[in-house]
Amino acid sequence: MLDKKAKGVFTIAATPFLPDGALDFDSLDRMVDAYIERGATGLTILGMMGEAGKLEADESIAVVRKVISRSRVPVVVGVSSPGFAAMTALAKQSMDAGAAGVMVAPPGNLRTDAQIIAYFQNTAEFLGDIPFVLQDFPLATSVQISPSVILKIVEDCPTCVMLKHEDWPGLEKITALRRASDAGSRRISILCGNGGMYLLEEMLRGADGAMTGFGYPEMMARVIDAFTAGDLNRARDIFDAYMPMVRYEAQPGLGLAIRKYTLAKQGVIAHPTLRKPGAALSAESISEIDAIAARQERRLEDLGLKPFS
Amino acid sequence: MLDKKAKGVFTIAATPFLPDGALDFDSLDRMVDAYIERGATGLTILGMMGEAGKLEADESIAVVRKVISRSRVPVVVGVSSPGFAAMTALAKQSMDAGAAGVMVAPPGNLRTDAQIIAYFQNTAEFLGDIPFVLQDFPLATSVQISPSVILKIVEDCPTCVMLKHEDWPGLEKITALRRASDAGSRRISILCGNGGMYLLEEMLRGADGAMTGFGYPEMMARVIDAFTAGDLNRARDIFDAYMPMVRYEAQPGLGLAIRKYTLAKQGVIAHPTLRKPGAALSAESISEIDAIAARQERRLEDLGLKPFS
Amino acid sequence: MLDKKAKGVFTIAATPFLPDGALDFDSLDRMVDAYIERGATGLTILGMMGEAGKLEADESIAVVRKVISRSRVPVVVGVSSPGFAAMTALAKQSMDAGAAGVMVAPPGNLRTDAQIIAYFQNTAEFLGDIPFVLQDFPLATSVQISPSVILKIVEDCPTCVMLKHEDWPGLEKITALRRASDAGSRRISILCGNGGMYLLEEMLRGADGAMTGFGYPEMMARVIDAFTAGDLNRARDIFDAYMPMVRYEAQPGLGLAIRKYTLAKQGVIAHPTLRKPGAALSAESISEIDAIAARQERRLEDLGLKPFS
Amino acid sequence: MLDKKAKGVFTIAATPFLPDGALDFDSLDRMVDAYIERGATGLTILGMMGEAGKLEADESIAVVRKVISRSRVPVVVGVSSPGFAAMTALAKQSMDAGAAGVMVAPPGNLRTDAQIIAYFQNTAEFLGDIPFVLQDFPLATSVQISPSVILKIVEDCPTCVMLKHEDWPGLEKITALRRASDAGSRRISILCGNGGMYLLEEMLRGADGAMTGFGYPEMMARVIDAFTAGDLNRARDIFDAYMPMVRYEAQPGLGLAIRKYTLAKQGVIAHPTLRKPGAALSAESISEIDAIAARQERRLEDLGLKPFS
């Protein structure tokens, strides 16, 4: 079961499709293996970058079961939904299948502090004893959550064990939360998103790791390992080598197509297919990605790091 | 099968729940009968005011089957969904169960004309030969659709047979669309929403009727019948009698609780229960509704119209 | 000076223009006189419906001076601005010219409770001892303000003397604020907006009156006078007579054009001109307005009430 | 006068303040000199990052006159405003003072293609023969502008001579616009914003340069010069050296505080002061910036490039 001590890298998993849009279960297995080989201490599936909204209910639970049966590391399942009935149903099915916990993002119509707190109190009540991750991603949800609101949810809901942090800017929020837990508030795990764009600063502020995806998912573990080993300078060198691609993948809407392209390029998944509606990469984009990837490989070699594919 | 000649009143149906939040199928039957008795020429279920987002996939199809088996009038099913897979699945199950057509609102992230057109082209492609209603409700979806965009969708998608019009202000849009069909564009049915707040003006502009809900659902048929009979003054008198309640029910977020309260008050459904998250009525609100309802009954009596309950 | 005891009707004033878009100072005088003749106990100028954003800085202060020199009732000046420097400058100039106070709406980017509170703390600090009205109008500003946030602002800022209430739905908010002041929180004036659509219910909940505009501005005083005299039934009769027009004018974006048309029709202002960008009324709209106005006049006559023009 | 041949680097200028919030004209002079020394071929003042909204009307024109009197390169003035009257007044005053042109961002309430086109048609009409830059920055304005809409504005408005491109993702938009001008549409200048985050890819797609700010403003000229000289690899090396800071400065809301801090650190301006409401940097942020700046300096030295300060 997921708990507040979770740390390291929970890789946000893509959902592989065949060219005709059907689920690609062979790639799913290969991808799970690759994420773990490249340092994942956990996996998070059916998140926004997992195209969760594009799956039927039956497909969602099929993906959950397949990933959990393959994975040696804990699996968190995104269960955000317009209503609590569908959320609870998927959460229970996922836990029955062996999930470690679930992740919930707030619906986009929430505005005031009181509305957000009430929503997560309801969430906790519907989920019962299932541990959950609060996903704080204003750029995607339009919901802005103050540190004091997060602390209130943590106080009211013992099953809230982790914050998926991807507010932007969000560094001061980590500092505020860590100061609060230093002062006696219940400490939960903070894993950071946003494609890793501010990963090192987030670790410096007190995060426990990353919960994000990236076309070269070994990046997060390599950076965190160097950081944890106390070699901040090497952590920066490694991060800087990947940064041009991190930045390129950060393009909203286009990012998932870029990530699936690079995963397919490395053989992690068979096809870069997105379900509709999904961005297609132009020839210009592919050429830009290839150029960035080639430079990235050279810079990693200079650091003594080899590619996985 | 729903087609472009649809007119009259397609009542937006509530979804009745028992006090514990379970579906109330007995009330569902009674409600279907009441809507038809009060003049519905069609029913629309699983719309926003049908709490569609709060149902599990299995519950949705159960509601669809129950309503269709009870109804003597055509049933349209709301199938709006974050993804095309879930939309298509529900649409096909609904048509197999005997639905007349489906209704689709655009997802809230669409902005440009090109994005909106592409979305409905995809919708039409996924739905195949299933006739669909384009729901144009910017206050709820944040998506603003120009008349020229609607005309392009109508031109590109022969299966788009109806506009559920609830732009606000939206009267000029009806005029623009009717001018275009007078000038040769394919004419589709326009049924209007927004709780009937502008129903008479909408009919004057060329609408074919209403697709909306209201706690006293005979209002729409009574107004449209008088209008169609050429007695505009009586149509205004009837509308004005209901207007204080139309206005009271127009409060966003609170409107459905008001509607369910008045439906329960008249015995149409057994309980005013909303699923969470849903507004509860205060004692003050209930007192205001009761006062408005009492005056409404007196004004209708002055017009020779009796209550149904 | 505006204080927390303000009540009655603060009419939201239009800004009259000549057909070429220049300020029409003659109409401004006539309009001020008409508002007061029809029951205004105060005036509010340079609000959203006063096209404040379309004026140059010099024009704004010219309007302020002209209205104040003509008015026998207190004048509140809208000073909402992207920045505190411009807000403070206009506020000081207005107070020097004899204004009773100013009104401030929050900028649209505020989301969390803490952001909103900080904004109004800054506002109070910049305005010094100038009394201000907090404008709470989420439909226009996108900023949702909880009752607890309003109470915190009232507690922190002694110069906040009034709430211009136009949340929608907002009746429970009035009740919550009045309960809080009954329980010891500082009581401020609450005047309600939204074109008067819920005026009677607002008075029943504890509002002190209206701060809104309408093409037939005597409506607010007539309704409030009957209410204050204890004749709730007559207040409802009067309100119901105006309601079809209140509803028609409630169309966002179009409402001001409708209001200026009816004001011009009654001779209150010379021209219905809006500055660009501003909606123009179609022939269909004008015909609808004229029909509603004719019925309104007959219903008022039935109540023994004569038109002003 | 600004025309469609503009290229290179139009630096987005900060507005320096004294610690008490007053304008710092000495720093303004020094900053203008520094921008030009570091490669600016033009300056853009009173943009969003110039805190334009926080200035009074009189202060705005004072800044315009001071900058123009000091600058040897063309100056573009941001004149975005809620209304055309204020926009036109500032535009005319600026041109009278010697500005090369003005920049206009659309107001945040525009949604449909037709609304956006009408807005810029009105803009062009009000501005007369003043050349203007269309600012396309959806992250800040919420207005999404299709390539076809830009092309229509360019076609309708001969005085639209430049696009300030900061859509995100926006690379395909540049490609689409350049294909259109290759095919005969009038070609305008495209200068790119977003802090330079995608500068090289933007140049590869056909941009004419950058119109953006950055705490180390020589970056843009150094990258573009290497690119223009045909040494793409060196352009990438230079860009990569600055990228960690570009990324750090990209934090919305916080970016300007970071930029002013680094400008002050280099002596370009005397104080990092922002007017309220403005973010303050924490000790943690300052420490992060200093660490990134130190590494940046070393990497630039490796490339043979010296700091300016």
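By letter and in written order, the chains are A, B, C and D; residue numbering begins at 1 in each of them.
The rule is simple: a residue touches a chain if its C-beta (ideal position, glycine included) is under 8 Å from a C-beta of that chain, and two chains touch if they have at least 3 such contacts.
The structure presented is a predicted model; accordingly, all values stated were derived computationally and were not measured.
Look at the CA centroids: the one farthest from the centroid of chain C belongs to A. Centre-to-centre spacing of chain A and chain D amounts to 33 Å, using the average Cα coordinate of each chain. Separation between the centroids of chain A and chain C, computed from CA atoms only, is 47 Å. For this pair, chain C with chain D, the centres built from the Cα atoms lie 39 Å apart.
In chain A, no position touches at least two other chains. A complete topology is adopted by the chain contact network, contact being made between every pair of chains. Those residues of chain B lying in contact with chain D across their complex are 111-115, 144-146, 148-149. Against chain B, in their complex, chain A makes its touches with residues 51, 53-57, 59, 81-86, 89, 108, 118-119, 122, 126, 275-277. By the touch rule above, chain C contacts chain B in their complex via residues 168-169, 171-172, 175, 197-198, 201, 204-205, 236, 240, 243-244, 247-248, 251-254, 282, 284-285, 288, 295.
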